[in-house]
Amino acid sequence: MNSIAEYFTDLYKGISSLWAGMRITGKYFFSPRAIVTQQYPENRKTLKMEDRFKGEIIMPHDADNLHACTGCGICEMNCPNGSIEILSDRVANAEGKMERIIDKHIYHLSMCTFCGLCVKTCPSDALAFGQEFEHAVFDRNKLTKVLNQPGSKLRKEAK
Amino acid sequence: MLSRQELTDIIRIFEPDAEFPEGTQLLEVIVPAEKIFALAEKLKSDQKTAFNYLINETAVDFLTHMTVVYHLESTEFRHLIVLKSILSDRENPAIDSFTALYPTAEYFEREIFDLFGIRFNNHPNLKRLFLEDDYGYPLRKDFRDEINIIER
Amino acid sequence: MESESLILFFIVAIILVGGAIIFSTLVAPNSFNPVKSEPYECGIPSEGPAWIQFNVGYYLFAIIYLVFDVETVFLFPWGVVMKTIGMRAFIEIIIFFFILGLGLLYAWKKGALKWV
Amino acid sequence: MSSNIYDFSKLTGSVHAWLSGLMSSGWVTFTELVLVGLVFLLLYALLGLFLVYLERKVCAIIQNRIGPNRVGKWGIIQTIADLVKLLLKELIPIRKSDPLLFNLAPFIVIICSFLAMAALPYAKGLQAIDFNIGVFYVMAVSSLSVVGILIAGWSSNSKYSLIGAMRSGAQIVSYELSVGLSLLAIVVFTGSMQLSTIVESQANGWWIFKGHIPAFISFVIFLIASTAEINRGPFDLAEAESELTAGFHTEYSGIKFAFFFLAEYMNMFIVSALGATVFLGGWMPFHIGNWEGFNHIMDFIPSAVWFFTKTFFIILIIMWFKWTFPRLRIDQLLTLEWKYLLPISLFNIVLIAFIVLMGWHF
Amino acid sequence: MSEEIIQDVIIGESEDYIINLGPQHPSTHGVLRLEVCLKGETVKYLNPHVGYIHRGIEKMCEAITYQQIIHLTDRMDYLSAHMNNEAVCMVVEDALQVEVPERVKYIRTILDELNRLASHQLWWCAFGMDLGALTTFFYGLRDREHILDIFEESFGSRLLHSFNTPGGLMHDVHPNFQKRIKDFIKYFREKLPEYDQLLTGNIIFQNRAKGIGYMSKETAIGYGVTGPSGRGSNFSCDIRKIAPYGVYDKVQFNEILETGCDTFARYKVRMAEMWESLSILEQLVDNIPEGDFTAKMKPVVKLPAGEYFRRVETARGELAVYVVSDGNKNPYRMRFRTPNFSNLFVMNEIASGYKIADLIAISGSLDLVIPDIDR
């Protein structure tokens, strides 16, 4: 007799546990507001990444096309993957001293792991993280970028 | 939990040849390769020490010799020691397997065999774990792979 | 329509499947690659043949099923006439179920319903 | 009786009469056959596509997603796009497979589900073939698809497929019993196996209400067992993708795979339609006893609408099962059938026979 | 049927039926290959093959500085990236005897727990899906998204945030950090009971999970199975209790131990750990002290010659870092004792004799992350 009672309580418990699960899914079925999907390509205009989002490395230039990179090479040294290459020149400045300026600050996005060491260690805050996240391209070579804009110059701090 | 000194005393009795380097973070015991298995067996079965949990087993290549390092813990008393054994024969290094004491050592040892080329005696299934059979032993310091490793 | 017209449905189904497959073979690309035509086993070459003698567990259930299904087939005619015959049919089916139940119980006790 | 429900036999009759006026009787039969074939082909394809779309939408909403929404309004022609894609996919031949059986399997599963479609009463007077053993016929034909699945799994010469096919064989074969016994319950009530008679007998109330608790138990057993018989979650062991990747149709590609997929959904439709016909009154409107006024209003809703509403209600329940529960294991599956469902349904039949004997049903 | 095919049919049951699960299989959670020998549906024995994504992280570490190692540890157990980072950071801090600011400790602990929650949520999704309950996957991911949003706001990345650095943190957390965590706790306290109703209580799930994959305490210790998997076998192995780091000695929490030793016990441990993590978060989130986000460190970190060893509790068990330094800026030898490595190889022991469907449940309950095994 006891086992029969057990059989039916088991049956009841089993069915009610199934019903509990079905209630949850049923609840969401009838609450379409709970939908969390973001319709990505359509919401591009309203899509806003967080300020600190690590999309890619950029070198901010101001309105006069000036940047802050002195070409010291610390970012190149600190990058664990070798994704930064700096080609620098030595040119004479107004006082006749030889001074190092960057020719090209090359950034291999394909090798970057977004660890942030270059941005953190840059002594002149020349690098920053950009918000761009759509990196897909058809040609691998396009992932190699030159960060300093053509014709840009080093910003001279007022001493 | 036994203190460092107490453990040192106990191990001295178990294994008179053991050396205890000074100034290490954890208690380290350096034992000759042929005696390490016997010591570990005693450490595991002894009531006071009861080192029943092998946290880590690895090896280090020092170019002149190799060291096999074991980190042992007792889940009961929570004391922790480091067993070490120095293998001076780099060409054909071999040491006893711990598999009989700690089943997990089987795979740690396969990994060490794979990456360092240290052979383990009495190992049930000493095959390479990650790499192909004809690959070198990459964690040895004199390993060179011209194709895949770019030196900077 | 008469039941002979099932042949019609048969033909239509064959046309549906055959037509689509023929269309597909004509339109779809076709390339040969020895690796592609291997049976799928997660990207690893299959070890040994797939066709071997298989676990008896599956067949055991098939055999028990065979017994019970034949019984069920007998039950349907009974179900149709149950209303008209009444008491006699009821008593007969109780006897029938008693024997059937004994059979199930026997199989149960013998462990035939236990998965091996 | 519900005399004011539109009888589709009037329509078919007038078509027949119109055709007879145009041509000789042999040609009339031929034209009618072609017409019926075309209508069913269309129905089959549309229903299949719609069911796939419905399932994707339902599971999406349950999972807080939107589901297909790019192709057409609300993604409604997404499945058609998928079908076209599958048609254009390469059919990969499997080395060392059994080519004859490998190609035969999709035919078998489709033929089985197509044949079962023929006997379903879609509306009053709209039924291709009204067998006097209708219930039995639908049950038998729809369960034949296990042969196709077994052949598919075996002929692929893949280990996953073979295990999937074996599982599916043991499973379908077992649950066949419970489906049969739960349908038998209504046969006992009605005293007929003809689907049209069963529907007519529910003019004053559906069997699930008239047949007391045993009929309800039968309905629940039918729901569980038929879900298992059509290989749907939580009983989808034959194609358990976390264990067997895709089970019996692992090796099928392109349109051949699509046919297995289609047959699965059509089988779902067939069992739901059968359940709706037998337990929920088929195309019969919702009637309550002698409430003439109420019954009269209900009669204005076309019978086909009633049929499809009930069918899709059952389909939604089956989908709800699938997207809620984890999958059973093979031994639990068989235990559920042989140690729970079968004894319960045997006992249930006796109970129903007793009710019928005493004349307690309405 | 051709002659050749007939000959292929083997007569006799003695033949082993060997099936490969993986590397391309939906339920191995990565490129793991299990060579399974079957008899009918029952697993006779199985043989794990690893190494499909071996990247040689230990070798790479020998060539780079300690700051640079951080970003590699992210990629071992990518679901507990923060704990992996913390282990390396703490080894360096130990060796240099740097005292990190109190604020850093608090934030690290909070991130540990958030990361653990995110990891357990993902495990719950995947475990449900392994057992065929497909809806769990979406509910789990839906809730995990909130944690990832918190990460993104503060560190700029969602999964591999490389946020720790030896001595402290990369930069300070976002001003919204505390508020968002509090919102999340409130949100998740409502959602977690739904998990129980949907899956834990479900009779089918319980039958699938109970009594499956029995792993005794001795087996767990012998094979070094740590983390929630080990604690399901009543093996007390929580490093947060044994050797507290961060501020774990200042918060109240229980080490969850289950005596069931089966798949369901491991499941229950993880579910209970989610509640514990929530309560730890609640205790910490309001008490983050003000202060620096990093200790003063030299730009080039050189560890004094010697050997250092440190353990942390990741979401999957005990991660031990063993460093041999020769006084240079690069480690001489870096060894990661990763939890999944040990957790994987117990599979043969605990899955033999069960059905193939149970094998999937068992591997799901061990919560394996394959890059952590291969490193």
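Note that the chains are named A, B, C, D and E in the order they appear, and that numbering of residues resets to 1 at the start of each chain.
What we mean here is this: a residue touches a chain if its C-beta (ideal position, glycine included) is under 8 Å from a C-beta of that chain, and two chains touch if they have at least 3 such contacts.
Treat the numbers as computed from the prediction; the structure is a model and nothing was measured.
The minimum number of touch steps separating chain A from chain C is 2.
Minimum number of contact steps separating chain A from chain B: 2.
Using the mean of the Cα atoms as each chain's centre, the chain most removed from chain C is B. Taking each chain's centre as the mean of its CA atoms, B is the chain most distant from chain D.
A count of contacting C-beta pairs for B-E and for C-E identifies B-E as the more extensively joined pair. Chain centres here are Cα averages; for chain B and chain C they lie 59 Å apart. Our note on geometry: chain D versus chain E, Cα centroid distance of 45 Å, whole angstroms.
Measuring from the averaged C-alpha position of chain C to that of chain D gives a distance of 16 Å.
As a whole-number value, the distance joining the C-alpha centres of chain A and chain E reads 24 Å. Those residues of chain E in touch with two or more other chains are numbered 5, 8, 17, 19, 25, 41, 135, 142, 198-199, 202, 204.
Of all residues in chain A, those touching 2 or more other chains are 18, 21, 24-25, 36, listed in ascending order. Shown for chain C are the residues in touch with two or more other chains, namely 41-42, 46, 49, 51, 54-55, 57-58, 115.
Per the contact rule defined earlier, chains pair up in contact as A-D, A-E, B-E, C-D, C-E, D-E. Residues of chain D touching chain A in their complex: 58, 61-66, 69, 320-321, 323-325. Partner chain D is touched in their complex by these residues of chain E: 1, 4-5, 8, 17, 19, 25-27, 41, 128-135, 137-139, 142, 198-199, 202, 204-205, 207-208, 355-358, 360.
Residues of chain E touching chain C in their complex: 5, 8-13, 15-25, 33, 39-41. Those residues of chain E that touch chain B in the complex are listed here as 50-51, 54, 56, 58-59, 63, 94, 219, 221-224, 235-237, 242, 306-309, 311, 318, 320, 322, 324, 332-333, 335, 337, 341-342, 345, 349, 374. Listed in rising order, the residues of chain E touching chain A in the complex are 64-65, 67-68, 70-72, 75, 135, 142, 145, 152-157, 160, 162, 165, 170-171, 174, 194, 197-199, 201-204, 206, 299.
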